[in-house]
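Naming follows writing order (A, B, C and D), and every chain is counted from residue 1.
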Amino acid sequence: MVRMAVLGCGRIGQMHAQNILKHPETSLRGVFDIDDNSASAIAKKLSVKKITSVNEVFESDEIDAVLVASATSTHADYIEMAIRYGKPILCEKPIDLDLNRVNKLAEIVERSSVLIQIGFNRRFDPGHRSAKMALSNGEIGDLHQVIITSRDPEMPPFSYYKDAGGLMRDMTIHDFDLARFMLGSEPVEVFAVAGGLIDPEMMEDLDDHDSAMIIMKTEEGKQCLINNSRIAVYGYDQRVELLGTKGMIQSNNKKPTEILRFTKNSVEVGEPYQYFFLERYAESFMAEITAFVESLKENKPAAVSFNDGHKALILAEAAYLSLKQRRLVKIEEVI
Amino acid sequence: MVRMAVLGCGRIGQMHAQNILKHPETSLRGVFDIDDNSASAIAKKLSVKKITSVNEVFESDEIDAVLVASATSTHADYIEMAIRYGKPILCEKPIDLDLNRVNKLAEIVERSSVLIQIGFNRRFDPGHRSAKMALSNGEIGDLHQVIITSRDPEMPPFSYYKDAGGLMRDMTIHDFDLARFMLGSEPVEVFAVAGGLIDPEMMEDLDDHDSAMIIMKTEEGKQCLINNSRIAVYGYDQRVELLGTKGMIQSNNKKPTEILRFTKNSVEVGEPYQYFFLERYAESFMAEITAFVESLKENKPAAVSFNDGHKALILAEAAYLSLKQRRLVKIEEVI
Amino acid sequence: MVRMAVLGCGRIGQMHAQNILKHPETSLRGVFDIDDNSASAIAKKLSVKKITSVNEVFESDEIDAVLVASATSTHADYIEMAIRYGKPILCEKPIDLDLNRVNKLAEIVERSSVLIQIGFNRRFDPGHRSAKMALSNGEIGDLHQVIITSRDPEMPPFSYYKDAGGLMRDMTIHDFDLARFMLGSEPVEVFAVAGGLIDPEMMEDLDDHDSAMIIMKTEEGKQCLINNSRIAVYGYDQRVELLGTKGMIQSNNKKPTEILRFTKNSVEVGEPYQYFFLERYAESFMAEITAFVESLKENKPAAVSFNDGHKALILAEAAYLSLKQRRLVKIEEVI
Amino acid sequence: MVRMAVLGCGRIGQMHAQNILKHPETSLRGVFDIDDNSASAIAKKLSVKKITSVNEVFESDEIDAVLVASATSTHADYIEMAIRYGKPILCEKPIDLDLNRVNKLAEIVERSSVLIQIGFNRRFDPGHRSAKMALSNGEIGDLHQVIITSRDPEMPPFSYYKDAGGLMRDMTIHDFDLARFMLGSEPVEVFAVAGGLIDPEMMEDLDDHDSAMIIMKTEEGKQCLINNSRIAVYGYDQRVELLGTKGMIQSNNKKPTEILRFTKNSVEVGEPYQYFFLERYAESFMAEITAFVESLKENKPAAVSFNDGHKALILAEAAYLSLKQRRLVKIEEVI
């Protein structure tokens, strides 16, 4: 049993806390939030201890590992603490919005042997994972093209958007990681197009985007497309397509049931896709905890490493440079 | 080039006439209908000769073969004429509504060598045909169960129903043939349930049915279900399912396009299935002419023989006996 | 929290025990099995108490309700005990293999007010349930036909078959219940065809069947087909189709992931369906516990009552009479 | 009846000739090919006149219109002749490989009123057309993103590649047109990535590409992706996806039949997609003739105009500039 604590009691922190409770190999020793009311509410709801300071978490002998689901601005600090206290950490993405900060952190991480896993949960989605396995098994021969479609069901509110760090660092960051996971090699060039098509005014105010297309290329010439939108009224749209010399593999969306309706106007009508990531990726969030526990038990490297988090952020940075200067950007320019 | 004439200028006769015109190995030498206006209209529309008597058709040296699409009550007579005149015939189903008549005709047919093909077009549907081929190739091992779903898009009018000879002889007859085609052996037992669920009053008046389920068993014990309804508002529903020891094969419905719609309420919404048999089975109607021409050219037995038409009618007869006496009927009882 | 005990520690008992542990509103107070080793193993594995006698279970003040997953032959006795001790019971299907026994038990049950829920879990499958709801909401108008396809992935071993009570009471019993659930009214006639197509010798020895088709009709004339086979190599096949005047609804099979493969030989290739009932119906087994808890808490009648279990058994009995005498059987003959 | 002649008797010319023969409103008055043997063979096969000079075609009083399916290098000349002789022309794509030539031709075309239709047949595909109609009807609200997947089943031989004018002018040109058709407004920026992933050596030799991704943006900011590959072993892959504020529409691939196979290893296995454009787009090639005839009869502008052909070529030119200089290209740079 890995005894864990959760830092951050928002929507995602709560989900993680519940998963830790349900997971057969973890127990939950407490929850912390900078907003004490939040922590109290979750602690009560889940019948677990409310912890009142971060230090207490990292110093405790009764806590083997920490799951970080607090505000992005705290991630880097907590990772540093994890290293200092020698306490394994499963940290939500992104590592930080500031690449410089992450670059410096990377040097510290490199010298440390503490387990740091970044929360790119989609790698653990059974569908995406099977696609990757089929690819690795050579089922489609040499990989040529990766197409990732990733669309949120609806626009987040202004308040969320404001602190999220921009579309590329908040939303696309998952797709950058998934792209690297599928490509099996590093993109060396990035070109991005983005705009405010859904809510032009809000995007103008925030200097942010709600719709984007990003092309990347690896050194070997493999091509990758990421396609993002903050609006997919038919439900959370999460697809991966892999084209190779011997075939194609798609990892497609899931419906809540396999009901089909047939009426005068249409046939084979499915129910809307699962609404959002908590439902769509429920299995993957459990599976990332399993991977974390396995790394701990078997002293294996992290299934999704700090370096993976770092690389995804570099791709986001490159995408922003491409958007700003409206040109193709080489990854080496932003490292 | 096989020079053909068409007897009967109703909806189906007209379709056949057009197919003969389009077919690269047939030409249309004329059309006949007992209603001279009908024949005139079609002859004019298709720029072909109107023929004014059936005898003229069978006696003509310029006509190699005859396609019969006239009223059911004329089929047996025309088959007899075909034999007498030695003129090959492709005759619409059913052979006749009266099994006794067909039994007697069978004796004449047996002594003749004139090519007689019955219009069970569904055997030539590319999907059903591929399913049969996969089955014959052993893809699903030994066949155990056949499930045929056959539903019309909407109730035909009273006037049609009145002369059609009853659900089993008019509509299910196709499914009886398809069942024999797929089973590859003869059903020996039939049990039927049927009723007037869509229009109980009209069915009562006509002593007919609009909904039915029929179970058949072959000597080896293979099980077959036919499922009929006169109402499928989502379009003509024509499916065949074959279960074997090594797998299953389905031949499913076709949509007019592969458009899918995704909205707030539903996903992967397809366009209604092709409305009715003229569209759904268009390819099969052409293919049955090809088969007829091949039989003629290569002196091969009919792809769908008089015997096939006879056997399907016997199954319909058995189904009616089952409905009347509400019991399992052995085929031998009605032969 | 409903404190529960589980009787029977076989495959299904163990699954139920785990569900009770996971369920947010139930706790597991102990497990019992007539084979003490079985009980010990599960008790240890799940870290719960092993109970050594059935009486202890029913007499305990610390146990609010009992889940029965023991051998079918014990069900009726345990239901009687539940009534005697006033302890609510969630009992696996079938109630008993002997209809006479169940008839007598029914009289006792009728005079009692103890909650008895029968384990027809499929009613709680999200897909089947949505289909039923859509039907109840009038989405497809008047219901005319119900087609239930229910096929096991592979033949159970002789040892299982021997004690299972025959295909109709063991396997089809679920489909009889699902048929009643969907039809919304009682079948009044049953006709069955069955045989030993997969393993004729074993079926001969056991006087049992591995393949069946059953037609039922309600008083209003609604038609229902059940289609069973013990072999579906492509995975557990569980489908329900509802045809009505305004449309059709299908509740179809689930795949483990939404991966599709495209190769030189085939396209849109899905992964095999979930192998068997523990996976396919996982959600429904949890949901039936939720329903049981709700009935307890809100003092509501059982979501699936003793009467439902009784009626399904009567349909099985009718099907056997139909098979034996090879004729249509009226339900009133076997009540 | 529109009396037509076909220039060019290669694979596509022959297909067009057959379509003209089959079409109810056109007749075929002759075929011409610079290779007299080719023309003779087709003339004989189709029982039509072989014409021995292009002048004869354009001068003939018995020929109302010309379909051009000859080598690309002849298209511009024939369009000029069509204008000079006042003879309507349906000309295969692309207009020419040299944009300068087309720019000059455009000036002549502008002063003329002769009907010139360019052979972008995909606009007439029933699926793509329905998608466009649904879009025009407002079904998905405002259009934000267009994703076009267009992959050939296998690499064409060196000989074909050599004269084709490059991937963008030969293959992507269709997608550029389809993009404009769907976007409903002009792309103003183009960025392309392309490479030789399938056959790097041959691509190196030819200075050409076999795999590409192209992003385009309209003035309003609508985003469009084209995704090309010369290898899709699972069959010709032709998909269009439209994302809007109220939903998504996909026009997907067609299978030859709706057969599905279910085996131990996989379920719902479809037959490979139709192999290539002659099969996949058969309906669209007939429909473009219908559109041409309608424009002629009703004196309407061309359904696909010279300007459409011109604009598509400009996009190809922009894509090449983007590839060459590895940067985002504004359309105005290449006009």
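The criterion applied here is as follows: a residue touches a chain if its C-beta (ideal position, glycine included) is under 8 Å from a C-beta of that chain, and two chains touch if they have at least 3 such contacts.
In this text, all values refer to a predicted model and were calculated from it rather than measured experimentally.
Touching chain A and chain B at once are the following chains: C, D.
At the chain B-chain C interface, residue numbers used by both copies make up over half of all numbers present, so the two copies contact each other through mostly the same positions. With centres defined by CA atoms alone, the chain at the far end from chain C is D. If you compare A-C with C-D, the chain pair joined by more contacting C-beta pairs is A-C. Chain centres here are Cα averages; for chain A and chain C they lie 41 Å apart. Averaging Cα coordinates per chain places chain C and chain D 58 Å apart. Shared interface positions of chain D, defined as residues touching 2 or more other chains, are 232-234, 246-248, 253, 261-264, 271. With chains as nodes and touching pairs as edges, the resulting graph is complete, every pair of chains being joined.
By the touch criterion stated above, chain C contacts chain D in their complex at residues 232-235, 253, 255, 261-273.
The touching residues of chain C, when paired with chain B in their complex, are 142, 144-145, 147, 149, 151, 189, 191, 193, 195-198, 211-213, 215, 217, 221-223, 225, 227, 229, 231-234, 237, 243, 245-248, 326-328.
The residues of chain B lying in touch with chain D in their complex are 22, 126-127, 130-131, 134, 139-140, 246-254, 256-264, 271.
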